[in-house]
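Two complexes follow with chain A in common, the first pairing it with chain B and the second with chain C.
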Partner chain A sequence: MSDSDIALRLEGLQKWFPITGGLLQKTVGYVYAVDDATFDIKKGETVALVGESGSGKSTVGLVINQLERATGGRIFYNGKEISNLKGKDLNAYRSKIQMVFQDPQASMDPRMRLKDAIIEVMKAHRIEGDVYKKAVEIMERVGLSEEHLYRYPHELSGGQRQRAVIARALSLNPEFIILDEPTASLDVSVQAQVLELLRELQRKYGYTYLLITHNLAVVRYISSRTVVMYRGFWVEKSTTKRLFKSAAHPYTLALLSSVPIPEPGAVKRDIILQGEPSNPTKRATLCPFAERCPLIMPICKEKMPPIRELEQDHFVRCWLEH
Partner chain B sequence: MTSTNRNSSRTGSLKYKEFRYSLHLLFSNKLVVFGMCIVLFFSTLAIIGPLLVDPNEPMNVNFKNDLLPPSWEHPFGTDDLGRDVFKLVILGARYDLSISLLVVAIAAIVGIFVGAVSGYVGGKVDELFMRIVDILFAFPGLILAMAISMVLGRSFLNLFLSLVLVWWTSYARFMRGQVLAEREKLYVKASKSLGLSNFRTLFRHVLPNAVFPMIILATMDIGSVMLSAAGLSFIGLGPSPFEPEWGTLVNRGAPYLFMAPWLISIPGVTILLASLGFNLMGDGIRDVLDPRLRR
Partner chain C sequence: MKIYEYAIRRIFLLIFVIFGVTIITFIFTRVLLNPLAAYITDKTPPDAVIAIIQAHGFDRPIYEQYFIYLKDLVTLDWGWSNVGHMALTDAIRTFFPATVELTILAIIITVLIGVPLGIISALKNNKWQDHASRIFSLVGISIPVFWLGLSLQYAFTYWTRSIGLPFLPSTGRVDPLLLIQNPVQGWTGMLMLDSFLQGNFVITLDVFKHLILPAITLAFLNVGILTRLTRSSMLEVIRQDYITMAKAYGLPRRVIIYKYALKNAMIPVITSVGLIFGGMLGGAIITESIFSYPGMGWLSYRAIVFNDSNTILAYVVVVAIIFVSVNLLVDIIYAWLDPRIKY
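On to the complex of A and B.
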C-alpha cells in the first residue's frame, strides 16, 4: 500500500469538548469524545466506522470536515495536513469533502426549494457554466428528476429527501463523502435503495466513502474495511470480510452477535454486555472496555492494552491477543 | 410533518385547507373581526382624510369661534383656537397611524438585525450588544422615551426617534433567542459543511426561519406604540399644536377640562379605540400564525 493511494489518514486524532463551569466559565473538565482515532482510507474505497452511541464515531466525521477542530492528532488529506486550514484553503478542502447527515429533513433549510439550495451551493463555490443544467444532471444522477428541483424538502418522501441531500453534496464534485448514518432515519425498504445508489455512484464516479453507522448489516453490504470504535478509541480494524469472519476483540464479537442471522433455524448465541460505557468525562487510562468485558483478565485492570497486528491489515487493541 | 405530506400531489390542497382554516380562525373570533374593522376604518381615514376635510384646518385659527360645544356645524365642537375638532381628529389619524407603524417597522428591523448578529456571532459582539440592550431595558420604557425626547427637543421626528430607541431592544432580545435556537439546527451545520459563508448562512437560512415570530410581536406592538406616542404628546413632548396628533389635541384641551370636556374626551376615546383595534387584530394574527397557541 503506497502512500499515494491513501485519501485520508488519521493519526491519533483526539477531540475533547471542554466542560465550563463556575462564575468565570472556566474549563473544569473535558468530555473525552475521541481519544485515539487512527486509520487510513484508500482512494475509492468505503471504510465503515462502527460503534454504539457515544463512541465518538460522529465526532470523528465532524472533525474530518473541520466543523470541529481537533484537540490533538493529525489529519492528512491526499498527503497534506489539513487541521490548520483557514479561509479559502478550508473552503476548497470542504468542497472536496462532503458530508451527508443522518436526518435529511433537518439538514435542509425548510424554506428553500431544492433548486435554490443546490444552486446556492454551486454559486458559493463559483462553479462556472450553466448551474441549472448541472443541477438537473445531478438530480438525475441520484435518481430524481428536474421536477423535484421545484419542491420544498417537506414535499419529498424520506428516501427522496435523502437522495436530495446526496445530490446537494455531489453538486460540488467532491472526492470524499462522509456518510453519517445515511440510512438510520429511513424505512428498511428505502434503506436498500439508498445504499444501492451510493454503491452505484461510487462505481461510476469513484467517490471515497467514510460510513459512520451502528448498523452492521449496512456495513457488510457496502464497506470494504471496518474500524470499530469504543468510547473514543478504535479497538479493532480490518477488512470487513475478515472482521465478520474472525473478529478478535470482545467488543466486536458482542457487536457481531447482535446481528440477526437471516436463516431460519440458525443457532445464534448472543453476547449480552452488562452495564454501560464508562463515564466519558474521565479519561481512560486502562482498556476503556475493561468494565464490561466478559473475558476480563487481571492485566486489563493494570495497563492500557497494546496494539497488535494479527494478520496483515487486521489490528486489535486488546490484551487477549498479546 | 413527514406523514401528512408523504403524498406530495396532495400538498396543494392541504395548503389550501390550511389557508382556509387560518381564515376561519381569523374570522370566527368576533373580537378579532371587530378589531380589524376598527383598523380598517382608521387606516381609511389616514389615507383619504385630507380629501374629506380641509387639510389646512389646523392653521384655520378663528378666535371668534373658540370653545363652541358640539353642534350640527361642528359635530365635536371647537377648540381654544376656534378650530373644528371633528376635522382635526380625522386629520390626526395620519399622524398617529404613521408614527406607530413606522416606529414598529424601524424598531423591528434594527432589533432583528442586532439580535441576529448577536445570536449568530456570539462572543464579544453578543456581549456588547446585549449589555447595551440591558442598559436600555433597565429604565421603564416611557420614562426613557420622555428623557430622550426632552433632550432632543419637541418635534414629530424626535418623538419617533425616542420611541424607536426604546422599542428596538425587545426585538433584539427576542431575535437573539430565536437565532440561538435556530443556530443549533442541523441544516446550519450542513450549510457550514457545504462551505457556505457565515454571512450567507445567517441571512439566507437562519434569519428567514427565525424572523417569523417577530411578525407576531410586531403586530401586537402597534397598539402599544400608539398609546405611548399619544402619551408622550399628551405630556407635551409631541409635535407642535399645528400638527393635529391625537395626544397633542388632548394636551391642548386639558386646561379647558371643565369648560369644554369634548376637547379631551373626543381625541381620548379615539386613541383608545384605535389602539384597541390594533391590539385585538394583533391577538387574532398571533392565534393564526402561531399554531402552538391554538386552542
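On to the complex of A and C.
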C-alpha cells in the first residue's frame, strides 16, 4: 500500500475531555474518550469503526472533522497534517470531509427548506455555476426529486430525511464522508435502502467512507475493513472478511457472537460479557478490556498488551496472541 | 386550516372568554363591594339614594343586573369612574394610551438589553461574560420593583439635582405648565407620539424625560427574565445536531449563529416577550404608583383603594381583552416563524 493511496491516516489519536470542578472551575481530571486510535483509510474504500457506546468511536469522527481538537496524536489527510488548520483552510478542509449523523431530524434546521439548506452550504463555499441546478441534480443522485427541495424537514419521511442529509453532504463535492450511525434511527426496511444508496454513490463517485457504528450487520454489508474500538483504544483491525472469519481479540469475538444468524435452527453460542466498561475518567495503563475479558490471564492485569500483526493486515492488541 | 381561519376562530372564542371574565368579575364586585359607593356620599339625602338604587336597578335580582350591565358594556355606556373623575370610557381613553406609551418604551429597553445579553451569555458559556450577565439578571429578578423605583428617583432626581446636574422628573407624565404653553391635540392619546407628529418637540422631549425612569423600572425585572430565557434557549439550540452539522459543513460562524441558532432560539423568546407585553399593557400598578404616572395601573390601584367597583370592572374587562388579543398575536407570529406549526 503506497502512501499516495491513503486518504486519511490517524496516528495515536487522543481526545481527552477535561472535567472541571471546584470554585475556580479548574481541570480536575479527564474523560479519556479516545486514547489510541491508529488506522489508515484508503481512497475509495469503506472502513468501519465498531464499538459499544462510550468506546470513543464517535469522538474519532468529530476529531477528524475538527469539531473537536485532538489532545494528542496526528491526523493526516492526503498526506497533510490537519490538526492545526484554522479559519479558511479549516473550512476548506471541512468541505472535503462531510458528516452524516444518526438522527436526520436533528441534523437539519427545522425552519429551513431543503433548497435553502443545500444552497446555503454551496454558497458558503463559493461553488460556481447554477447552484439551483446543482441542487436538483444532487437530489436526484440520492433518489429524491426537485419537488422535495421545497419541503421542510418535518414534511419528509425518515428515509427521505436521511437521503436529504446525504444530499446536503454531497453538495460540496466531498471526497470523504464520515457516517456516524447513518441508519440507527431508521426503519429496518429503509436502512437497507440507505445503505444501498451509499454503496451506489461510492461506486459511481468514488467517495471514501468512515462508517461509525455498533451494528455489525451494517459493517459486513458495506465496509471493506474494520477497526474495533474498546474504551478509547483500537483493539483489533483487519479486513472485514477476515475479521468475521477469524477474529482474535476476545472483545471482537463477543461482539460477533451477538450478531443474529439469519438461519432457523442455527446453533449460536453467545459470549455474554459481564459488567460494564471501566471508568473512563481513569486512564487505562493495563489492558482496558481486562476487567470483562472471559479469557483473562495474570499478565493482563499487569501490563498494556502489545500490538501484534497476526497475518498481513490483521492487527490485534491482546496478550493472548503474544 | 389557513391561518386567517384560525384567527377568526380565535376571535370568536375571545368573545366567550370575555363573557366569562365579565361574569366572574361582576359577581365579585357586586357581592364584595358596594355598587352604590360610586354614586352617593354622606350628604346624599335618603330618598335620593332610593331613586339611585331604582335608576341603576340595584334592587333587581343579580342576574337581571348582570344583563343590564352587559347591555351597558356593549353599548359603551360604562358609567362613571369616581377615581378618574370622568366617564369610564373617557377614563380608559385617557389612561390607556399613557400605559401604552410606557409599555412600548419599557419593552424596547427589555428586548434591546435582554436578548443580546442572553445571546452573549450563551455564546460565552461559563466565561466571565456569562457570569456577569447571569449575576445581572439574577439581580434584576431579585430587586423589588418599589425599591428600584424609589432608588432611581433618589439618584436621578434628588441627588443629581442637589449637586447641580441635569435631572429627570420623578413623577407625572408631562410638565403641566409646559403643556399649557405648548398645547397638543389628542389624536391617539399617546402624548409623545401626538406631539411628535404635530412637530411639538418640546413636549415630546418632556414626555420622554418623564418616561425614562418608570420605563427602566418596569424593564429591569423583565430584562432579567428575558436574559435567562434567551440564554437557555440559545444554549439548547447550540447543542442541537444541526448546529454541529452546520459547523461540519464549514459554514462561517457568523452564519451559524445568526441564521441557524438565533432564528430557532427566538421562538420561546417571542412568546415570552408577548406575555410580558400583555402584562405591561394591563398597567404596572407599583411602578405607575411610585412615579404617579397616570396609566392603567395607577387607575386600577386607586379604584381598588377607593372601592370604585365600576372602574375595577372596566379595568378587568379591558385587561382581559388585551391579554387574549396579545396571545392571539403571539400565536399568529408563531405560525409564521415556525413552519412546523399548523393550525
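The rule is short, and it goes like this: the second predicted complex is superposed on the first by the 322 of 322 C-alpha atoms of A that agree within 3 Å, B and C clash if a C-alpha of one lies under 4 Å from a C-alpha of the other, contacts with A are read in each partner's own complex, and residues count from 1 in each chain.
Criterion: a contact is a pair of C-beta atoms (placed from the backbone, for glycine too) under 8 Å apart; a residue touches a chain by one contact, two chains touch by 3 or more.
From a predicted model like this one, the values you see are computed outputs, not experimental measurements.
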Joint occupancy of chain A by chain B and chain C, clash or fit: clash
Touching partner for A:Gln25 - first (chain B), second (chain C), both, neither: second
First (chain B), second (chain C), both or neither touched by A:Glu120: both
First (chain B), second (chain C), both or neither touched by A:Asp103: both
Which of chain B and chain C A:Leu156 touches, first, second, both or neither: first
Touching partner for A:Leu172 - first (chain B), second (chain C), both, neither: both
First, second, both or neither for A:Asn91, with chain B first and chain C second: both
Chain B and chain C contact sites that coincide on chain A, given as residue numbers: 65, 67, 91, 94-95, 98-99, 101, 103, 106-111, 120-121, 124-125, 154, 165, 168-169, 172
For the chain C and chain A complex, residues of the former touching the latter: 126, 240-242, 244-252, 255, 259-260, 263-264, 337-340
Residues on chain A engaged by chain B in the complex (per definition of touch): 65, 67, 91, 94-95, 98-99, 101, 103, 105-112, 120-121, 124-125, 151, 154-158, 165, 168-169, 172
List of chain B residues in touch with chain A within their complex: 1-2, 5-6, 8, 11, 185-187, 189-197, 200, 204-205, 208-209
Touching residues on chain A, where the partner in the complex is chain C: 25, 65, 67, 90-95, 97-99, 101, 103, 106-111, 120-121, 124-125, 152, 154, 165, 168-169, 172
